[in-house]
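Before anything else, here is the set of structures, which you'll find just below.
Same chain, two partners: chain A is paired with chain B first, then with chain C.
Up next is the complex of A and B:
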């Protein structure tokens, strides 16, 4: 079947703007987008640039935006996509600078990776070698599946707003280390990860988990890092304080007590600075009850849940 | 021009391991790679890495299995090094942070692999290579190795048979750079992409071997290519041997486990050359299914497949449209591993002074005529480490920085300019397609004199046409067509060396099977084939196999 591909092309050094170019490709059942691109570059237009290597979804070279979403070209079949959308559009990954056509600059990606000191800093090894139980290995198994394709960073809301954010991919690497029973610098890592632009800056849009082609679930890694940070008492930062305040607020009144939470997250002096914003929000009707926070009706039930969780935690320890 | 003590060309497992070792010796080390390290072909290795780490096993047994698997062409002193040093290298990988799959006691688990008499293959589920590549990339950062990624090495610079550095093309700018160094280690991987049906990454085009050949180093045993018995039909994507190691069957169109007829005791786990030939015979005899035989894993059950072979299941579903839990997967033999390569000693040294090689691009030779599954990842680690250490040692012992010959850069630049400036000529893609077709027709699983001669003629014609290769893409930024043109040159040179070796070797041994000489002939051929570059062509020579403890015997599985 002949399938029309619209590919977004750009050579930033020589062209002012990106443009779309259409190609028609004879596609057979089972053919992947990567095969189609190879066919275009071999038979039709060798000037089309894109990365490729393993062609089996393991090297992470070929992530690009296909019909609007980040995907690996080598593991995306053309026909099912085409049938759904009626056409094939191929663009470079978003949130990344284009080098040429579909190849984007991955330098910021690697730099973020290096920022988390991505190598094990082991504790002293037991005399007769490490025993790693299956459960221990399982905790970091999904993090170990990451192929560093960059799809998650391409759709991350926080990263789009703050280029200094550590991002989902590097967070996965961080969890792979913090979650390792042999790691000796857990607390230090968690302290660094809890600083500004760190794991607390994720806004939990879930895009990373939704679009990761290897089911790595970066958001889960971020949540585990946050939980571990609190467990290790790395709480002298806004993110952890905010979470603790939230837990406390729900326990007390069964809902969010925004004013008290601001106070607990930012401390007294900084909270003063938030008053104008609070008043503005109040004026626009965004803060329903600024002053009085009655407990909700079912507060007893809520507290029961808390005690159950506490009991379970004790048992585990 | 940049200066480093050691420059490593290639950042797959062998290259990274070598770089790390040289950096540990306190030297200034750079790794140059045409793709980012984690995109290297090594990342695709699935099944595992061998080491005799259990009480009941021994390195001697591992060595024997390897020698036997090599059809006695492997050099036994090198194999001893490989097997003896394997356990400590595995332990070191764990110490660096690898998490090998565990047994119930929390120790490293091992699975059976073809041609081995003991389950000695350590693994990380079915993504062993991926786990190790990411691990060594971490260590590369830790050890402060300079990385030039997406730099394509276009020539090895030598003078008076001594290496001076390399010249590399930076993909994003099209610029040529000189990297001046005291030692160079080549670790560019194999030549699986000389064929169409191949399990190898698109990047495995034998670059380093061709460059070494041009620089005066000999290539050894190039006729030996491993054909893997289980690759997917259309794409050649690999179904790991682990699938059979975990208990998968091979069946023909009549539903018979046909390996009973070919290897009654080892069955599906006979060595790869044996299984691949058996499959091809079944297919040729009309007992195949649409040009394939079937890999049946259904009896393993969903849980075991999910635990041990999750990636295999995904690959089969995504790339062949078959769920192995429900149906058998159609598979056929495909080119998989390059036993041949740059001749080295056990420290990775080549006959060119200061030039080392390790990994799949090297031929030590530990695989001889047929490699055992799980031994090549091991080779990248053991001999990568040794080459790194030896290269560093040579610098420390006094190998200084020698002059970088002036014309080298200009020569490389004019070679590339002549391709870029040619307005009309041959398409690089066509030339590669022609070479692959010829190699698949004439240098595949079953070979004959007429076939090989025909292949050689075709390849030499293609090499002539290569002199007129021309491009459509003339840009200096991310010009992948230019890389393809360079790779076409490597592929053609490698193909010629392979065909010459295959034609000369009038016997059948391991992966090399001559229909006109179907028996092994130890009297004349217990020796390695060497190919040297001479002018535009090649010259052949031979070298005896080193035998230490295992006397050659017939190979039965």
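Up next is the complex of A and C:
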């Protein structure tokens, strides 16, 4: 059947603004978006620019925005998309600068990668050699599947709001290293990752995990980096303090004690900055319990669970 | 229709800052003859932050909530998207992995509890759309909101990760629009409806958070919305409580009232504005409800 492709085109060197161009493509069942693009450029319009290489979802070159979300053109079939959305739009990846048409500048992507020193800095090898247990390998398995296509960075809400944010892709690489039993610079890495614009700035929008074409689950990598940072006592930052305040709040009262969490996260001086908002909230009856927060009825059960988890952890160590 | 019964889990936010969501939900449920049974002693789900510290602890504490609902013989209904996501993700992991469930039950056992994996976690939106049905809801509307243009705001955690939630299509959700239409109002289309409100980093990266809040509100307003409705109290906190800070950041007035889902339903059912706790909002919706 004939499918009308609307493609977002732009040549920043010669054009003032991006524009939509429509192409009609004869599409067969099973045809991929990449095959359709190749057909367009061969039969119709050789000026259409896009990246591709392996055609088998391994090289990560052809990530682009297809019907509103990032996908690999080579592993996305046209007709299911077309039937679902009633149209077929192709755009460059969001959160990236366009070089031409569907090809974006990946320099910021690689710069973020550089920031996490993407290579192993191993400890000294034990005399009888490394032994990597099954569960050690499993911990970084999904991170190893990353093909660096940039899809996660393209849908990341934090990255859109803050271009200095480290982003999901580099976080995955960081976890691949921090989670490796042979790595010798874990703490140093975690300290750098815990600085401003680091892993604690993720808003948990879950876009990265939803749209990763290789099921890498970047959000999980971010959660594991955060947990590892806390485990290694890298806690002198707002993100870790906020998390620890919640862990403490649930243990103490079984619930989220908002006022205490704010205080413990920001510290005394910066909490003062919250007073204007607090007063406004008070006017609307919205201020949470400030001094004494009553515990839930089941608090003893909750604490038993805390100590059971704690005991198991110690035993494991 | 069989009586709808749920183990009711309002979540921490709606027991404190967004109390109005909890109180209105109870009124709306009573008016629709949906039974909400309290879960005395239910703990916080951890809002994702527990996972950032200790995955096993997070699973065990969520399993405690699920086990309690199981004992009550009911599915859970929450009115918080983040609670929904966190409990659903824990539920997914526990149901998919027998060994993990056994291990967590070993921990629960020390508190005299067990979870067998039979509970479903729902939120008010899903209950209205799927369990109660919008046809029935339409019948309960006494005062169609036909003058109101409403921007649906899903936020993140009622849609993603779809592997744990899977109720609505995360790319083309329509449950909130359908509900708005059933109440007689018009649903405004805008791009930001499935994006993040910024809540999770309010204290950690306030610039990022407030910037996001501003983007979503400005987007909705530019498309002609007179108000926003959200199924999530955390989204409400950012879109309403933090709207003043968002205005400061972008240097202009936004002035867009934000409703909790239950409030919009209550309004259409003919409840008076003072019954809906609207005076607790920072951005007053008074002028659009009269």
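Note that in this section the second predicted complex is superposed on the first by the 304 of 317 C-alpha atoms of A that agree within 3 Å, B and C clash if a C-alpha of one lies under 4 Å from a C-alpha of the other, contacts with A are read in each partner's own complex, and residues count from 1 in each chain.
The definition used in the following text is that a contact is a pair of C-beta atoms (placed from the backbone, for glycine too) under 8 Å apart; a residue touches a chain by one contact, two chains touch by 3 or more.
The model shown is predicted, which means the values in this text are computed figures rather than measured ones.
**Q** Assess the superposed three-chain arrangement around chain A: do chain B and chain C clash, or do they fit?
**A** fit
**Q** Give one of first, second, both or neither to describe whether A:188 is in contact with chain B, with chain C, with both, or with none.
**A** neither
**Q** Does chain B (first) or chain C (second) touch A:233, or do both, or does neither?
**A** neither
**Q** For A:68, select first, second, both or neither according to whether it touches chain B, chain C, the two together, or no partner.
**A** second
**Q** For A:4, using the defined touch cut-off, is the partner it touches chain B, chain C, both, or neither? Pick first, second, both or neither.
**A** A:4 contacts neither chain B nor chain C.
**Q** A:42 contacts which: chain B (first), chain C (second), both, neither?
**A** It touches chain B, and chain C stays clear.
**Q** Using the superposition on chain A described above, determine whether A:246 touches chain B (first), chain C (second), both, or neither.
**A** second
**Q** Please give the least Cα distance, whole angstrom, that chain B and chain C reach in the superposed model.
**A** The answer is 15 Å, the least C-alpha separation in the overlay.
**Q** Would you please give the residues of chain A that touch chain B in one complex and also touch chain C in the other complex?
**A** Overlap of chain B and chain C footprints on chain A: empty.
**Q** Give every residue of chain B touching chain A within the complex, in rising order.
**A** Spelled out, the residues of chain B in touch with chain A are 35-36, 38-41, 43-44, 91, 94-97, 99, 101-102, 104-107, 124-125, 127, 130-131, 134, 138-139, 141-142, 172, 201-203, 234-235, 237-238, 311, 314-315, 318-321, 427, 429, 471-473, 475, 477-481, 484.
**Q** Residue numbers of chain A touching chain B in their complex, please.
**A** 11, 13-14, 30, 32, 41-43, 45-47, 49-61, 75, 77, 99-101, 103, 106, 110, 114, 118-120, 122, 125, 129-134, 136-137, 140-141, 144-148, 177, 180, 182
**Q** Provide the residue numbers of chain C that touch chain A in the complex, in ascending order.
**A** 12-13, 15-19, 40-44, 46-57, 60-61, 64, 85, 106-108, 110-113, 156-157, 160-162, 170-172, 195-196, 198-201, 203-205, 207-209, 211-212, 215, 241-242, 244-245, 279-282
**Q** What residues of chain A sit close enough to touch chain C in their complex?
**A** 67-69, 84-85, 157-158, 161-162, 165, 196-197, 200-207, 209-210, 219, 223, 226-227, 230, 238-239, 242-244, 246-247, 249-250, 254-256, 258, 261-262, 265-266, 277, 280-281, 284-289, 296-299, 301-302, 304-309, 312-313
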